[in-house]
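Take a look at this one; I'll ask things after.
Every chain is named by a letter (A, B, C and D) in the order it is written, and numbering of its residues begins at 1.
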Amino acid sequence: MADNILTITIGAILVNNFVLAKFLGICPFLGVSKKIKTALGMSGAVVFVMTLSSLVTSLIYKYVLSKTFTVAGTEINLTFLKILVFIVVIASLVQLVEIILQKFSPPLYQALGIFLPLITTNCAVLGAAELSVQAGYGVLESTIFGFCSALGFALALILFSSLREKLDLAQVPAPLKGTAIGLITAGILAMVFMGFSGLV
Amino acid sequence: MSEVETPTIKLPDPTLLIVSNSPHIRGGETISKIMVHVLVALAPAVAAAIYFFGLAALEVMLLCTFGCIAVEEIWNKCAGRKPTWKDGSAALTGLLLAMNLSAGAPWWICLLGALLAIGLGKQIFGGLGFNPFNPALVARVALLIGFPSFMTSWVAPQAGKFMACDALTGATPLGAQGAAVASLHDLFIGNVGGCLGETSAIALIIGGVYLLIKKLIKWQVPAAFIGTVVLISAVVHLVNPEMTQPPLYHILAGGLLIGAFFMATDMVTSPMTANGALIFGFGCGLITSVIRIWGGYPEGVSFSILFMNALTPLIDRSTIGKPFGYIRVKKESE
Amino acid sequence: MTIILTSLIFAALLGAILALIIGVAAKAFAVESDPRIETVTDMLPGANCGGCGYAGCADFAKAIVEGAASPSDCPVAPAGDSARIAEYLGITSEQKEKMVAVVRCSGSISVTVRSPYNGINDCRSAVLVAGGAKGCDYGCLGLASCARACPFDAIEIRDGLAVVHPELCVGCGKCVDICPKNLIVLVPASVDVHVYCNSPEKGSVKRKVCKTACIACRKCIKAADNAEQMTVKGFLIETNYDNPPLSDLVEKTGCPTTALRLASKHAAGEYDGVSK
Amino acid sequence: MSNKPRKFKGGVHPNDSKALSASSPVQDAPLLEKYTVILHQNIGAPPELLVKKGDAVKKGALLAKASGFVSVPLHAPTSGTVTAIDKCPGPTGISVPSVEITADGEDEWGSPFEPMADWQNAEPADLKQRVWDAGVVGMGGAGFPSHVKLSPPPEKPIDTLILNGAECEPYLTADHRLMLEQAEEVVLGAAILARILGLKTAVIGVENNKLDAIEALKKVAANHNVTVQGLSVNYPQGAEKQLIYALTGREVPIGGLPMAVGCVVQNVASAVAVADAVVMGRPSIERITTVTGEPLVNPGNWRFRIGTPISKALELAGGVKVQPAKLLLGGPMMGFAQSSLDVTVMKNTSGILLIPAEQVSQYTSEPCIRCGKCVTCCPMDILPATISQAVENERFDLAAQLNVLACIECGSCSYVCPSHRPLNQHFKRAKAEIMAARRKQQNK
């Protein structure tokens, strides 16, 4: 049931990389990758949020949602609340990060702009929590899974932002400048990541 | 010294004198010369491919090369740019693409490959010099994932017979298990199945040495690339021989030689600084070995080079190093 | 029924705990900003052209809210918008006269002496190489730095000379700083008579390198209604934009080198290649 | 001083085509009837004009005095009358103020100062004052006032005097002939400069493609305690920073001056000018210039007086066989392209050069294929390719980050670039824009 830690790590970072293989978290991936500095900031925020949210959600799932209580005589099982609880936890974590960032590094807060609160709706974060539940990971494994998939997200984002900074200097045909060439490059990158399939 | 007034002293006409920034003289290098030299370096591999796979190989090469030139010219015409086939880069991409296809590849695969290589791989980023990924490999990987059956229909080599063109699906040395493993001798001269450019090791080595002598490629890339593959395959082979073939086999088989000498050293998509080239080569070698030994695909060279192409901007940024006379700036001006 | 109850209680409880944590954090790390800035930014045209002298519309909005700038400083916004902003913030904003750019040079390739130049096709780069390799050291190089800088495509390069189309020009002034020869000035849109030359050299020197240079023959001063309308600067005559001449001055003067021109006609190209 | 010269990183090897004029001895240019002396011949403030139209002047008389510390006086190239104070085309393409002197034929000396016979124990301050009064500037091509170089601030001690005889630019042989024919004055000049700086010795760096010059210098170097060091032939060996590194292993910081590493570098021609000023009491009014190029009838080296028009110089060399593509002042790698023959020789004009059409560099600015040739050949170890792409996209912030200010504009990268990109012009543009932005920042 629980694959060992190594396969989770390689699996989450390279083989089924959240952005380039599972295509989760594309909107911040495209939105924030204009400059490497903002990409690093975003990666930091996402790693922090995903790791903590995987930990908290797996704890809540293990000790509350998957249990069945007997309250006033009837059997109760709250697993159907799973998505709602996950989203609430992620949203509050993001709010926490936003406040801390606004206080301690306003330039990064300015640079990330709308994409910082958007981490709440970032399907990569919710995806990590959901996937670790589906895969039946324990608390430790799902935290590692959350952390590694965040690292995968960060790797793809930094790689992609350095590519976009180089393309910023290229004479890309006018209609394709900016996001369009970004999407095409991301497509080729995803194709390259398929090379790692079957690794794990 | 009495100055003899020669009647016809002609002075230059000032209105025709060209004004430009210095320097006013230049070395003889041009882009087309470089590309021609690389094409010459590919000649032995082309000859070997035709020798082993017959006219079918020649047909694939011609289709790819002229397909690429045609796509580039059409793109230039639509984009309103002047024709650029003279610099030879489209022809080179075409030939390298052909080297990645098997002799049995149908004609439409070649043309589709040309479209992908030049269109998606190069012109969409702005033409020569701006593409982050090696165009020929973009096309190969796209075709490999899109049409796995066509791309892996290897033709068994018929040394010397030119008209043999029946597609026998003999496995490639890398994919072969157990008895079908080719002998080192066959691998060396090229009497094995596989892509046009991947078979004859001797031809590729000749081409590679030519490139090194002519200083058209940075030696760090092939050295680090092949060195890493040898190192990892040697270690893994020692630990558990069934896992993988011995290092020498790894070098001669598959696309390692053509990858290391012609694909990874493509100037546009590899790092400019010397230590950047070392990191690039090491990365390519590492990923190739990982994919070959543990990965799903038998051949990892294309994926590794493309992955390192994606890393090149990052490598360039971090290996810029400090300019001459930087050491004292921190004390004095900051 | 109890399952609904318990899930409600559980969700409420979880919400309360998290709200508590965030409330405490919000208090500990509070930072405040003025909400009016966003609304003013939306009311501005959003071209971020920098004509107001600020980095962009948001920056300009912040300056207006703090009273450091007046809404009418925005050259691009139509009069109605700046009035609405002023009224929203409850401040007064006086109306500014519409300004238009003019390139004070008529030296196209056909009328000037130029050396063959080989290098970057950009005025600010060419000026570093022998002053742009043009006979006249003060003339327009026609390599389109201003045309590329104009966010409203109001400048056209015709036969190696930059020509401003007054009807398209918004007067944001971006071209003024770009021109390496400082040929472009912002003038009131109402004035149509300009001297298209900027070289302070003697008339004889100018004539050797440019057929349409102003040789300071002062015919336009004599023909003007009163002498103050045209100012004399050494060997160069300029329109006095505080007390500008009327548009009929160009016909009345009959300028020998057609340096004195009407902006509208110059933009339409009626003086191209015309030189006595 | 280290005895074995270090090799700096990078550099290119253009064919030096010095053979055209290396074997022809220096000839004195005959007296012309008119000289147009450009007023501003030095880096720093232009001198203040003293004469007006109609004044009679002697040869070597003061035409203009220095207008500040970083400025040098200007002297008359011959005796005659000032016939015009006007403008003439300058080497940088812009017309510049100039003084026109019509010669009276006597060529009669009227130098404002006397020779200092006993210079060995003259005060260094007097010697430096003489260098300033004679109007000596760096004759390698920069034209930096020599007396400024010779007065480093007290907190920057100087321990090495280097004479630059590298002359690494192709075609030019002026310094080579100077060292061959006037080795004695070169060494004498070195000794005087050493005395001004309070040093015991000096070293003359000469590229190994001028072995006869090295021999000539070595013969006389001993009696003034001056050493001669052969240098590897590698353009830009003659650049200040590369020369200092080759001879002392020290790296001059970016934007810094040689005095920051305790060195002073003077061109061999400047040293001769110092010797002339001190020992013969003559102001700096002439210099040896190579007039060369394949299109020329007979290329050679002449000693021209400042103010000699290029047209006269080309006539001396017999005019051209075929129309050249370019006329340059200075060397082909760092010289200025001219569009008029009326430009006149200045103190820093090391060469008058005609480049035939087949050798001239045509900048077509094809896209950069990132071949890395410019990266390997750049002596300042910066990334020319990336900087030029940043400049093409007006990203001067990125260019500044990539240390474009360290660029010495030696032209090696544009020389090797297979895409014929005007890299040098990109960097000149980037530096101009960055400096303009900084000035705007300061006075905001």
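Note that in this section a residue touches a chain if its C-beta (ideal position, glycine included) is under 8 Å from a C-beta of that chain, and two chains touch if they have at least 3 such contacts.
Just so it is clear, the model here is predicted, and its values are computed rather than measured.
K.L.:
As a test of understanding: of all chains, whose mean C-alpha position lies farthest from that of chain D?
P.N.:
The most remote chain is A.
K.L.:
Between chain C and chain D, what is the gap in Å from one C-alpha centre to the other?
P.N.:
42
K.L.:
Indicate the whole-number Å distance between the mean C-alpha point of chain B and the mean C-alpha point of chain D.
P.N.:
Result: the chain centres lie 46 Å from each other.
K.L.:
Starting from the mean Cα coordinates of chain A and chain B, work out the distance between those two points in Å.
P.N.:
35
K.L.:
Find every residue in chain D that makes contact with two or more other chains and list them.
P.N.:
Within chain D, residues 93, 336-339, 363, 367, 386, 422, 425, 428 contact more than one other chain.
K.L.:
Would you pick out the residues of chain A that each touch at least 2 other chains?
P.N.:
Counting only residues that touch two or more other chains, chain A contributes 171.
K.L.:
Residues of chain C that contact two or more other chains, please.
P.N.:
Counting only residues that touch two or more other chains, chain C contributes 115, 118-119, 128-130, 133.
K.L.:
Treating touching as the only link between chains, describe the layout with one word: line, ring, star, complete or other.
P.N.:
Topology of touching chains reads as complete, every chain touching all others.
K.L.:
Chain D touches which residues of chain B in the complex?
P.N.:
1, 3, 6, 8-27, 29-31, 33-34, 87, 89, 126-130, 218, 267-268, 270, 272-274, 316, 320-329, 332-333
K.L.:
With touch defined as at the start, can you tell me which chain B residues reach chain A in the complex?
P.N.:
79, 120, 124-127, 130, 132-133, 138, 141-142, 145, 287, 290-291, 294-297, 300, 302-304, 306-307, 310-311, 313-314, 317
K.L.:
For chain D, which residues are in contact with chain B within the complex?
P.N.:
Interface residues on the chain D side: 8-9, 12, 14, 27, 30, 93, 170, 241, 245, 251-256, 260-261, 295, 311, 314-316, 318-321, 323-328, 332-341, 354-355, 359-361, 363, 366-373, 375-376, 379-383, 385-386, 402-403, 406, 409, 411, 414-420, 422, 424-425, 428.
K.L.:
If you look only at chain C, which of its residues touch chain A in the complex?
P.N.:
2-3, 6-7, 10-11, 14-15, 18-19, 21-22, 25-26, 29, 31
K.L.:
Report the residues of chain B in contact with chain C in the complex, numbered from low to high.
P.N.:
Per the touch definition, chain B meets chain C at residues 14-21.
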